[in-house]
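Since the structure comes first, as structure tokens, the remarks are kept for the end.
Labels run A, B and C following the written order; every chain starts at residue 1.
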Amino acid sequence: MASPATALKVEQVAVHFGGLVALSDMNFSVGEGEIVSLIGPNGAGKTTAFNVVTGFLESTHGSVSYRGTVLNGLRPHQIADLGLIRTFQRTSVFPNDTVYDNLLVGLHRQGRVSLFEAILGLPRARSSQRRLRERASELVEWVGLERRAHDLAGLLSYGEQRLVGVALALAAEPSMLLLDEPVSGMNASETHTFVQLIRNIRDRGVTVLLVEHDMPMVMSVSDRIVVLNYGRIIAEGPPDVIRNDPAVIEAYLGQGATRA
Amino acid sequence: MSEFLQHLINMLVLGGTYALLGIGLTLIFGIMNVVNFTHGVLYTFGAYIMFIVVHQLGVNFFLALPLAVLAGWLLGATIELTLLRPLRGSDIDTTMLVMIGAWIAMQSGTLWIWGGVAKSVTTPFPEAPLVLGPVSVSWLRLFVLAAAGMLIVVTYLLINRTKLGCAMRATFQDQDTASLMGVNVDLIYTSTFAIGSSLAAAAGALLGPVYVIFPQMGDLAAVKAFAIVILGGLGNITGAVIGGFLLALAEELGAGYVSSGYRDAMGFLIIIAVLIFKPTGLFARSERVG
Amino acid sequence: MKLGAAILTIIALASVPLWLRDPYLMNALITTGIFIIGAMSLNLLLGFTGQLSLGHIAFFGIGAYVSALTSLGFDIGLPGGFRIVHDPWPPIAGFLLAIIVAGLCGYLVGLLSFRVRGAYFVIVTISFAEVVRLVALNWIELTQGPLALTNIPSITIGLPELGSLTLRTKLQNYYLVLAVAVAAYVLISRLVHSHFGRAMRGLMENETLAVSVGIDVTKTLTLAAVISAGIAGAAGSLYAHYIRIIDPEVFAFINTVTMVIMVITGGKGSLFGPVIGGMIFGLLPVFLRPIMAPEAQWIAYGGVLIVILFVLPRGIVPSLAQRFAKRWNRSPAAGPVTFSERDAKEPA
């Protein structure tokens, strides 16, 4: 595969909590339109890496850039504004709103009109509202939750809430999507549907970075895999290479190697 | 210079009782995560108990003090059992609002029962102050300082040297783990609230006779307690003691060198300044609860 | 249909002076209306952003003082021998300045205090109100301190062709308050249904998630604080020009508590909640006065606040709305209020 333009670039990133080293000297990049997975045993620093990239955590050292913009020091909402949108490991929805209203909140970036237009109900604000509603309905359909659209998100099943989480992220119109363990807790058929969904998202031109434990899923969906252990990158490459990498096999041995 | 010395003496006397107020509030917040708006009422309550016991029951002044502390303990336990226990697990805003309701009701109750006219408690101490060179201090105030100091030490020992205190510290660290390890969290909560309340009542019982007693006296005391707790870091006992003396110093200097009208503004200004510049409190990194 | 209900409500409220002649009751209605405006503004913070601001009366009081001082004029000395002399302006200018200055204070308080949340935020807001009260009490040259600002002029409205009209009677003030209240209601309603309102709601429910889809916390909360404070300032101005005398006691914490009780009882996060809660607690004293001492009333208020939080934690309006919705069998089962249920109305 011809190497695509670099979208995300992580250079020499280190994170220390007090004396504890959560990440050390992490380097990797993700090309435009790629699906890259970040894997590694529990506590390897995957979620920490995610938090650094999306601005929820400040790195102790190193730099992160997206499409040439340095992200260090930006607040999470500013990074989201660059089109870098993430999901969360635990269920993450607005529990007291309906699925549809959740997506309307998620469409925040698309709905910006001035305060005066909004309050006075000027035509531009109204047509924007209309557009948002249409878009929210589309998204509900796209993740297959039409029948749940008017139920409170907090009352949905775990798997459904995960879908709402992805739909929320998509609502923010990402150019790059970061998914944190999206299929954990899903059954095989749900996972299968989800893989299709991720491919679909990529086909729309969205770059995907994935943190995941489910090895068959990672192997089937990724273009490239980055393996972390104890805060360091121990291997990087396409699925076939990673599958047979001795360092990776060793890292996973003794802690659920069967899953690998 | 002698004026400054006098301010320092006053600061010591005030600081002791402020520290008591602060410790009570910070314990309750640190362990229970409850912003206790009834703290000021407990302070008022302690003062009125002094008044009743000394003047209406004719009991000896020194005997009245422990009675006031006990009454504060009982009232605190009652509040915890009736209002806070059923709300366990609700969000902090709900408990705050409930405590505001309790405060309004109790303060109005005080006003209803005893009326708005200020009362004073006569004490067995001589009128003439103790004069030491350029400064003077009344015997009553000296006694207040000594009693407050003793109560601070007792509380410190209670938390650091007893089984109950150990359980309280465990609950502060991690409530779930504590309860897994066999700590009766319900009991700890009730005890914490009762102890915190009895300290507020003690502060009121001590300062009430120094000034006068009226139903709203607790409002300012509560605000000062909040200032002290924020200064010392929420949940930090040593911080509360230092915070108590610092607030007393700020008030003395503010009243002495700026304008006495702004004495009571010091607490608020400290709160605002601390929260803007160092939201975790001045001593956040030092030990917490014991 | 919703628009119809709104118009009917306004007509009903506007017709009250036609059959209610009792000046004492009219007075109670006007002050209640003013407090309802304050409660609505508090609800914007408390109910729609989840920030428990317990210094809200500061904005009300600042509005009252700014408006009064603008229309009375003042002459104060500043350190360094400077003097500021201000000649009286028309009260309507005071009204507008009250909104602007209160809004600015909301901006400052919001900017500083949204860095801290929860318990800290509550304590900062209380402290802010108390500091302002102490300034009003002690800056005697400007505010007369405890002696109060007196003889504040009534509001005068300039009507083209017809000359100007000074609102002196209770009837005139009633309609003025009603008009401002309706304007404030519409403003808040439009705001919470706009994408600003959705951002507020998102932050209240799940801040991390809201931030991850690009919502700016500081900007959103500060905006809510500015608008909320501005409306409270308008209410304060109405109060100053109606009562025509204000003293530092206007800043008393108990007044914030009154607004909080109104919002919680009526239903926080419900547009109409503060109106209902405000009516109840604004008019209750009128009926309780003959049978209860004021202290006993306050005991009852404290008790009511506790009872409401225990048995009807969402407040009257949302609970009733849900009950009705259930009867029509179309709302989701038990659960918190949703956009559609909250006031059953999308902006027209």
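Note that contacts are C-beta pairs under 8 Å (C-beta built on N, C-alpha and C of every residue); 3 or more make two chains touch, one makes a residue touch a chain.
These numbers come from a predicted model, not from an experiment.
Asks: Mean of the CA atoms for each chain, then the mean for all of them together: which chain is nearest?
Replies: Central by C-alpha mean position: chain C.
Asks: What's the farthest chain from subunit B if centres are computed as the mean of the Cα atoms?
Replies: That would be chain A.
Asks: Centroid from C-alpha atoms only, then distance subunit B to subunit C, rounded to Å. What do you get?
Replies: 33
Asks: What's the distance between the Cα centroids of subunit A and subunit B, rounded to whole Å?
Replies: 49
Asks: What is the distance, in whole Å, between the centres of subunit A and subunit C, each centre taken as the mean of its C-alpha atoms?
Replies: Roughly 42 Å separates the two chain centres.
Asks: Of all residues in subunit B, which are in touch with two or more distinct other chains?
Replies: none
Asks: Enumerate the residues of subunit A that touch no fewer than two other chains.
Replies: none
Asks: Could you pull out which subunit B residues touch subunit C in their complex?
Replies: 29, 35, 83, 86-87, 92-94, 96-98, 100-109, 111-112, 219, 223, 226-227, 230, 234, 259, 261-262, 264-265, 267-269, 271-272, 275-276, 279
Asks: So in the complex, the part of subunit C that touches subunit A is made up of which residues?
Replies: Listed in rising order, the residues of subunit C that touch subunit A are 187, 190-191, 194-196, 198-199, 201-202, 205-206, 208-217, 223, 332, 335-340, 347-348.
Asks: Can you tell me which positions in subunit A touch subunit C when the two form their complex?
Replies: Subunit A reaches subunit C through residues 54, 56, 75-78, 80-81, 85-88, 92-98, 101, 104-109, 111-113, 115, 118-121, 125, 128-129, 132, 150-152, 154-155, 168-169, 171-172.
Asks: Sort out for me which residues of subunit C touch subunit B in the complex.
Replies: Residues in contact with subunit B: 50, 52, 54, 112-113, 115-116, 118-120, 122-124, 126-128, 130-131, 134-135, 137-138, 253-254, 257, 260, 264, 293, 295-306, 309-310, 313.
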